[in-house]
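Heads up, the next two complexes both have subunit A, just with different partners, subunit B and then subunit C.
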Partner chain A sequence: MTGAAVAPGLRCQNVDCVVAATGRCARAAEFEDPLAECPDLDRSVEAARSVQTPASALATGAAAPWSGKPLDQGECEALLARTPARLLAVLGLHGAGKTCLLTSFFLQLADGQRGEFPYRFASSLTLHGFGELAERASQWRGQGEIVGHTPLEDERPGRFLHLGFRPAARSDERHIDVLCNDTHGEIINAFIDRVDERARRLLGFLSRADGFLVIIDAEALFSADGTKQDARNSLLVQRAIDEAKQTGRADIPLALVFTKFDRLPVDQVVPVDRRLDPRSWGSLGARAPRIFAALRRSESAGVRADVFAASAFPRPMQEGQPIGVMAPFHFFLLHADRRRAWSPWESPISDTTSAFAAMRRWRIE
Partner chain B sequence: MASAEETSLNEIWRAWGLRTDPTLAGAQVQAVAALKAWLAASDQKPEHALRSVQVILLDPERPDAANRPCVKPIHDLVIDSWKGGGTHEHFVVFLQAMLLAAWPGAAATWGGALAHLVRGASLALRGRERQAPRIQAWLAGLPEAPLPVASPSEVVADLVETTISPSLMLPNFPQDKLDFLAKNSGQGWSWAQTSGSINPLFNAVWELYQRLPAAEAALVEQCENALEGMRQYMQSVTSTKAPVSPELDLLWWGQAGYSHHLRRPLRHIADVGTRVLWGSLEAAERSRDLPTEPAASFLVETLRRLGLDVDQKRPLLEWMRELHAAIRAAPQFPKIQPQLAEFAREDALGLSITWVRMHASERFDDAAAREGVALALDVDVDLGDFAGLVFRELLLDLRFSGMQ
Partner chain C sequence: MTDRVALALLGGPESGKTTYLAALGDRLLTGELPCLEIERLGDTTDLSRLTEPLFEGRYPQRTKGERFHLQLRLATRGNRFPASAFDLHIGDYDGEEVERLFKVRTRGWTQEWQDRAESRALLLFIRPNALTDWPRMTSAMDQHLRAPTNRMLHEHPAPLTPEDLFGARGFPPEAPPPRPKTTDEGVRVPTCVAVIELLQFIRHVRRLRPGVRPVRGQFRIALIASAWDEIDISFAERGPAHYFSETAALLEDYLWSNFYEEDVFRFGLSATGGDLHDPVYRERYVSRTGGAGDIVWSGANGRLRRSSDLSVPLCWAAFGDRALE
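This part shows the complex of A and B:
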């Protein structure tokens, strides 16, 4: 975990802000000067003596400004009233690896391994949520589920993970908020079938999405019901394109990610400009004809699509690094955080040169 | 039925990806109404409109955006009228949407008429893709300074000068003119749109004209006085000492390319920043009563004619540095007026030129400039657009100080 250590003598009053394992401030990069600006840091001696542990915080009932748990829709609305957060819609069938990909991305970024990704990790309002996922991932030994399945949501809509970024370019001082939904695969299944009112309500945020990440279990495409997986995922891609089109915005990015790529009997590098061509993907492309056919509709729908291959946890965390995880997020932000200069205005000129206006001016003079 | 502001707010809300909450509609309407009233006071307090423009231009993703001084008065006002409407602290995007919805409150005020002089700051805005279309449309719709409102007596004077006086000057009033007056007495003239609805007045004048032969001596005397006034007026406009119209004054200045302040031709000034600085000042001083954009364009064309490469692009920060050096080297350059200085001292967001003028006596500090102006100063701006920025902010200074 990167970030500045809380200075000696200063105590953070918000137990959710400090990474327990390291004692480091999780929001350090969010502020120009955390010690001066962060309301949770208290310089008083009393505060220094009475640093709260999670247990003592609960006992005293001290309310933190944010819980660190995944955000619900109401909390997302509150965030959107403060900042134009980028909302990344993460869609994938049950077991496709949505949560694993998000967890792996967080871990890599928070560990400073951003590679060519042009943003630094700055903050997270859902640090506990990510922390729990990371904890489970760290206990995985190569067999069984890695982070477990996302709980099926109750009637309260939404379960979002938050990440704050700072652009790597020093001249760009912004703090960018990104929200990713972490939705149970069953709800996505119902969404594909277009018949489930509850799924429609729970995924109501899609109309506001700034980009789509469609996660497809590549390994499943090679299984016995691979054809069915191809058909089902192609419906998901079509639904995602429809939703992107309905946002009414041009060039919405849609990143299609084949996960568990390390488990496939393919090992080829696909050139960037040929990633939408199934032939470039060899046997994987042959196993996913409907998915690629659905993807071809993206251009006419005004959607900017690209295809990626990733492996979030190819080995237990202590033994290996993730593969290709940053690329789809990079693609998303490349489009969702375009920094185009504003076009010059063109405005009508008022008629101050009419004969009467001129006459009045002369009269005054 | 939803008010225009409510409809507008909901529309902005949706465009910016915010969910409309019917349970908060009442509180929102109340808050927008409070903002509208606050903006309507821009006639007497132009800083209300200018602060609002600053908040709308503010990038919500800038560090500490919610704590900018320009946000505070608007934030306090909304919080005050919200009365537990469920809003949150630091809601910059929310405030921006409400300000846009409430802006018609400022549209017809003098403060509102100053707003277009600040929109040059949008040259150094980037991104904000959700917000940009709506804000850009609003910027484009900001009107130039409104026409002075004509009083009824002025309108009558216009009519006397254009109808009665000429008729008295000509013993045999031509029939075609009479026909023209008769024909138009019940219809609107094209200039009627400028002077407001004056058909009833015109009809009254026409009636008066028809009754003139039987008019009382007093009326005749009044008309003769009007005639005398007209003669004097004609004399004054043909006299060599007649005041020059601002258009002519600006044209003459531009053709001459001469700096009256420095008492030498602008082309003799080698330094680019200095030439832009003084050229912009001279043009601004002659453009107080002129439409801003054509005047700004005329300045740029004048500078081009004087040999400057107005298409040369450099980051705004570099141009600011150059201007800073030019002002430092010109102690006789007019100091910023107290009204604008006080306004910008609190928060100079978007006022890059004013910020440079305010800090002319200090060393130029890039970080302080970025923080003070809160724009993307790495954006490339061409010299012509930069000269336009200098011109508009100098004009803002002149007009701001002139109206308080």
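This part shows the complex of A and C:
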């Protein structure tokens, strides 16, 4: 049974479940006889008499200007076509923590913990999507999935989250759109194995990417199949470098992020200039020789790589702050928003028109 | 009268719009506001429904099963401001509509909302209790927070402030940056996303692209923290600018990015001066002779300023910083 209209004389108390376009009850399929069984229907006489109710009043009006949900490929392409948006390709195996990192990044912005990140939040076309992720993360109590896995949509490249930034420098008046893909890990897994027609279709946005964020589950590197994880992730890094090379742009940034860092038996601060050296990372570096070897290819490929450690949700978000979440995004925008430094515009002062020059001539004469 | 300015009151559910309007309505009826008066008294049913509970020391309640849109036609009085007329718009179910519009995008963007988007200014009501999900302030942190304020207010009083020299704000002060949190402090769930989305929609209606600031003075935002008398003591001492900076950082960033600094101002509002649920205060409120309630804001030097004139946010929305002098 589908799409029964709410009968006149009955008032649906759940304004959210009426499909606006058709006026049909969205819960109809749940019941054998919706008009008799649906608990949302108020069957009292008063309800039937009540014509102007808050719910019915709220149900009117046009659709909002945009859905606020993650953008699909078409919407993403449209934005890229009309603005110089920066596209950040987020890659990682299933369960590496891609969505968690994006969620935590948004939460840090929302909580005023930008730190040295030199941009301020200016807009978002996917605020509803971020809101949902934040809501789910807030309900996590330390066990189970934090924000849930990104749904694997049939032969679609997934979805894109959008943030608009304004440089914190007062003199900079730009608005910078940033798009981040939130792609199911299975698609990335298949991409590691082969770049076939399907991968090209589902990850076609990689050729347009302004930077890459490769997310690696650091805890998994210490597990029983850590070597396999190292190998798979090294292939992913190489794929990302290949894609970066194909963009044809110089110095495209690639941030490699070891997530779930708080769960590792290591606790060391790596100097900025030694982050590409596996020895600086101690036992983590020893567990990831292939990943670091793949990274060494980045320089010859014209890719600007750096390595970061982060923990998006080291504990329930009510109990503490994330670790190192802003740094990879800062690195990305530092390069993706890089502009050529022009020399200052200096207009020569004409000797013939300058009053000062005239005065000088008069004095000399 | 030269100009008719539309102002709109917006905010989430239970954000204090109705109580403010009731208290304001009462002051208008008694002629206590120095700069504003009712220009033309239309149908007073809704206004009476709002103000009458206050006479008995009760908060105005919405009528179940009814939705109304109230429009007050106001005008300036006296010679402090140029002669102007206002239309003040508020809908009784605006709060729920904001939340619902955020959750259910397929409907709810009514013509009424779109018309309201063209207002000269928006008074955005935010109730502090709705934002403080996890008040994790330790006593040590309280000390840390209060120290600079105490120094600023008491130990080093500036004999001559920019405010004295250049007027109420002088040069526009930036909202203070949010305080960096310690690793053990919780991450706050963003609570203003629905309001930000509404502002994005409103800017969309006004054809303002993201990041483009509207012409100065043509679109002002007054952020109003209602129930200011219930605010945490650390914020009460430091003022509404600090309060919004720390509890609504995303909204502050959004406003900084999309509006000129002088077109955004932050107020703390206590429409009734205390909690009417408290029987002792209610008794005092009912037996008072003058108006209760006040408005708090920060001057250019960070010094808190206070006024019992509840129309200050409205006057600021219409005339800008000169209303703060």
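Here is the rule we go by: the second predicted complex is superposed on the first by the 273 of 365 C-alpha atoms of A that agree within 3 Å, B and C clash if a C-alpha of one lies under 4 Å from a C-alpha of the other, contacts with A are read in each partner's own complex, and residues count from 1 in each chain.
As a working rule, a contact is a pair of C-beta atoms (placed from the backbone, for glycine too) under 8 Å apart; a residue touches a chain by one contact, two chains touch by 3 or more.
Please read these numbers as outputs of a predicted model, since none were measured by experiment.
Enquirer: Applying the touch criterion given at the start, work out whether A:L87 contacts subunit B, subunit C, both or neither, answering first, second, both or neither.
Expert: The answer is first: A:L87 touches subunit B but not subunit C.
Enquirer: One more residue to check, A:P344. First (subunit B), second (subunit C), both or neither?
Expert: First partner only.
Enquirer: For A:P278, using the defined touch cut-off, is the partner it touches subunit B, subunit C, both, or neither? Pick first, second, both or neither.
Expert: Touch partners of A:P278: none, neither subunit B nor subunit C.
Enquirer: Under the stated touch criterion, which partner chain does A:M317 make contact with: subunit B (first), subunit C (second), both, or neither?
Expert: It touches subunit C, and subunit B stays clear.
Enquirer: For A:R174, is the partner it touches subunit B (first), subunit C (second), both, or none of the two (neither)?
Expert: The answer is both, since A:R174 touches subunit B and subunit C.
Enquirer: First (subunit B), second (subunit C), both or neither: which does A:A78 touch?
Expert: Touch partner of A:A78: subunit B, not subunit C.
Enquirer: Where does A:R208 make contact in the superposed view: on subunit B (first), on subunit C (second), on both, or on neither?
Expert: first
Enquirer: Both subunit B and subunit C contact which residues of subunit A?
Expert: Looking at subunit A, the two contact sets intersect at 173-175, 177.
Enquirer: Okay, in this complex, where on subunit B does subunit A touch?
Expert: 16-19, 21, 59-64, 66, 87-88, 90-94, 116, 119, 122-123, 125-132, 136, 139-148, 150, 154, 157-158, 161, 191, 194-195, 233, 236-237, 243, 245-247, 289-291, 293-294, 370, 376-379, 385
Enquirer: Help me check something: in the complex, which residues belonging to subunit C touch subunit A?
Expert: Result: residues 64-67, 93, 96-97, 100-113, 133-134, 136, 177-190, 193-194, 196-197, 200-201, 204-205, 209-212, 245-246, 249-250, 252-254, 256-258 of subunit C touch subunit A.
Enquirer: Sort out for me which residues of subunit A touch subunit B in the complex.
Expert: Residues 31-32, 37, 77-78, 80-84, 87, 171-177, 208, 249, 337-347, 349-363, 365 of subunit A touch subunit B in their complex.
Enquirer: With touch defined as at the start, can you tell me which subunit A residues reach subunit C in the complex?
Expert: Within the complex, subunit A contacts subunit C at residues 15-16, 19-21, 50, 52-54, 57-69, 106-113, 115, 120-124, 127-128, 130-131, 134-135, 138, 164-166, 173-175, 177, 317-323.
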